[in-house]
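Naming follows writing order (A, B and C), and every chain is counted from residue 1.
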Amino acid sequence: MMDIVEDLWAAYASTLGFAMVNAFFALATYATLSAGILSFGAVTFGAAGGFLGAQMVLHSTVPLPLIFLAAGLAGAVVSLLVAMIFLRLESHWMALASLALVLITRVVVLNTPDLTGGVNGLSIPQPLPLEWLAGLLVVTVGAFYALDRSWYGIAARAVREDTSVATCMGIDPRRIQLIAMGISGFVGGLGGVMMALMLQFVSPDTFFIHVAFTMIAGVVLGGSHHWFGPVLGAAVFTALPTVMQAFIPEMQDIGNGAALLLIMIFLPRGLLDPRAMRLRRARK
Amino acid sequence: MTLLALADVTKSFGGVTAVGGLSFTVRPRHVVGLMGPNGAGKTTIINLISGLLHPDAGTIRLGGQPVTRARPHEIAGGGLARTYQNVRLISGMTALEQVIVGSYLRRGTSLLASILHLPAARAAARATRADAMDLLARVGMADRADTLAETLSYGEQRRIEIARALASQPKLLLLDEPTAGMNAAESAEIGRLVHALRDDGLTVLMVEHNMRLVADFCEHVVVMNFGRKIAEGPPAACIADPAVQEAYFGKQRDAQRHRA
Amino acid sequence: MELFFAQLLNGCALGALYGLFGIGFGLVFATMGILNAAQGAYASWAAIVAMYAIDLLGLPFPVAVLVGILAGGMVAVLVDQIGFEPLRRFGPGLHQAAMLGALITSIAFWIMLESAAGFATGQQSLAFPPGSYPAAVFHAGPMMLPAMQAITLAGLVVVGGGMHWINTRTRFGAAMRAVGWDPVAAGLGGVNARVIVIATAFLSGGISGFAGILSGISTANVSASLGQGLMLKGFAAVVVGGYDDIRGTAIAGLALGVLEVFCAQYLSSSWRDGFAYALLLGFLMLRPRGLFGSAGFTRA
């Protein structure tokens, strides 16, 4: 009996861990989306944090918290550089450019084996304590809550919903979006190092297009208008394959896709939608 | 002493001149009407003044500062606020939140302090909220403060939009057809509000194509047709001007003559 | 010199695949504003169906290709009607919420179609049976032109020219653009928006499917992931060429193919994708309207 519980926990713990790691990526995507930018850049910021973190674990004795900080800062530096070039683009082109950035990231990772291990990747002999992961996620989610309530959050909402109206109210959309990109970079970098430590391995495939698509899907699924939406979406999106595996193991991916499709069609604004909640409250 | 001055402002879209060589000034504490038939270029002027468009030629000065090439948020920072012909409130926000966004420029705290929820920032936020409530009360919407704005009637949304524009404590308020879609009683109410605001020291430039409303609301009128100024002066004189009569009624008269 | 010409031809043939796929991909993006992540799966499925049509049904090559194209088109219509149609109530095609929603549903279909394609191929890389497709080699002096490369290049010319003609000379082309800009207004103008949308999706899937079939033959690889490589480069061709410019997409596709082959030959084979994507990024930054697009495009 104890064995079954332990087995369950073993399987469950890793799912929980990946759900939390994915939550970082989803939050990084939400950070830009909530300021009106559709960007897949979090993958690139994740790669910056992930490979830097991996190298620091392998070649230094820096304690974990400092590695996390460094990874976040690496992501933020990359994101701010990208933002300075990309934010001139209109939103559709910005989305496409960020997709191109993900493709280029892979080529760069493959071709800088000294830094990234190239095609073989890097193995990282350092487990990630789940309580560290959970603690950092709680702090990050708390920060997103605080951001949402702040003047930054109010201005970002205005920029997202109607940029032209926002700018006529004195809000500088580029400043808001630059901050959004910086936050996305920091959180994405954190997610990258978490992913690397969780997998105990990083390779060019760790940060590629499927990650971009899953994290966008996670955000939209959970609700892209609510600070907790991305966490919820990432959890559902990580748990779904496990659940599907239990019921229809060989049709797992098809089940995932179908679930995603149904949610998009019937809940296009996601599971958590503050506007719908308010409308419901108003009707009562 | 002028608050707003346009000199020889020209703007064309793909060869079509929307505004041609337009000059006029707005003095402080006046209500100025910008009128003209549909398609005269009134909304283009509003967009040029607020910085959403830039003129091809000419200069615009706000409070003595040239703002011809300035970006909209810089012009807003210079003391300009506006409303829209088709009300543009922000989806998902309550009436009170709409007005709070409008006070972004007067938030009285840095973004960082606000993110960190420092005590000073919290106090500033409370003050902002109280001011926003006062503004809602001023436009008669205090009892709807916590209602999702998009569920309110068109007239109510217009009033919230005016409260939002006032929240930045502008020097100059641009109203783009503030009474469109309102009945006579609601329009008169807007007129009283505009006069009260002027008495408090605000300057208002309003676009209106309804001549009767312009005559009632404004002290000074600029009349446009096909992007050019055809008359300027006190409302009664402008409306009586043959060129204005021609622009507004010319076609109907011609039609009547043909029928007769 | 012979090597140069042979590689030039290889590059053109490879680029023609990118161009063909890109024309299908760009059609949906230009008319409906949808960035379709499932587009690659249309190519995979068309190739798989065409291969089985030969392998299992013994159909002759041209018929099998046609069957594969039909399959690609039908899958595209299926995806459009199930995945995109419910989102069109958001409003005109280029609305951000609708675009995001369509991107997510297309990701859902991508996952499903690719996984189903994995079952169809038994998770293996298969190939068209040898001898089932034209394998002749034409000689012109020192140059050799394998029949499949000739077919691929001819395919790009015919499809590109045909689509250009449809777009500029026919009522259907005008209707596609009208529906893309504003389905409601197009509906009022007497265009049956739904029929046009379905026809556009079918064309798009058929063209990308054709590219998939040709790619499956020339690389001797028919698998679930066939479409993915085509999609990334086809996407680059669309952006570099201009997303609503068929001529530009075709030329950009050819250029990308040649660039890829020559980079691999003369510079560095591991960086060859990097050049293509850097070109893509450069165009997005400097000429977002593409090769022949108007340069005066600014942030709205």
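Here, a contact is a pair of C-beta atoms (placed from the backbone, for glycine too) under 8 Å apart; a residue touches a chain by one contact, two chains touch by 3 or more.
The structure presented is a predicted model; accordingly, all values stated were derived computationally and were not measured.
Nearest to the common centre of all protein CA atoms is the CA centroid of chain A. At the far end from chain A, in terms of centres built from Cα atoms, lies B. For this pair, chain A with chain C, the centres built from the Cα atoms lie 30 Å apart.
Inter-chain spacing, taken between the CA centroids of chain A and chain B, is 42 Å.
For the pair chain B and chain C, the distance between mean C-alpha positions equals 49 Å. The touching residues of chain C, when paired with chain A in their complex, are 33, 35, 37, 82-83, 86-87, 90, 94, 96-97, 99-101, 103-105, 107-112, 114-116, 232, 235-236, 239, 270-271, 273-274, 277-278, 280-281, 284-285, 288, 297-300.
Chain B contributes residues 50-52, 71-73, 76-77, 81-82, 84, 88, 90-94, 97, 100-102, 104-105, 107, 109, 111, 114-117, 121, 147-148, 151, 164, 168 to its touches with chain A in the complex. Those residues of chain A lying in contact with chain B across their complex are 146-147, 149-152, 154-155, 157-158, 161-162, 164-173, 179, 225, 274-275, 278-279, 282. Every residue of chain A that touches chain C in the complex is listed here, in rising order: 36, 38, 85, 88-93, 95-97, 99-101, 103-104, 106-108, 110-111, 213, 216-217, 220-221, 224, 251-254, 256-258, 260-261, 264-265, 268.
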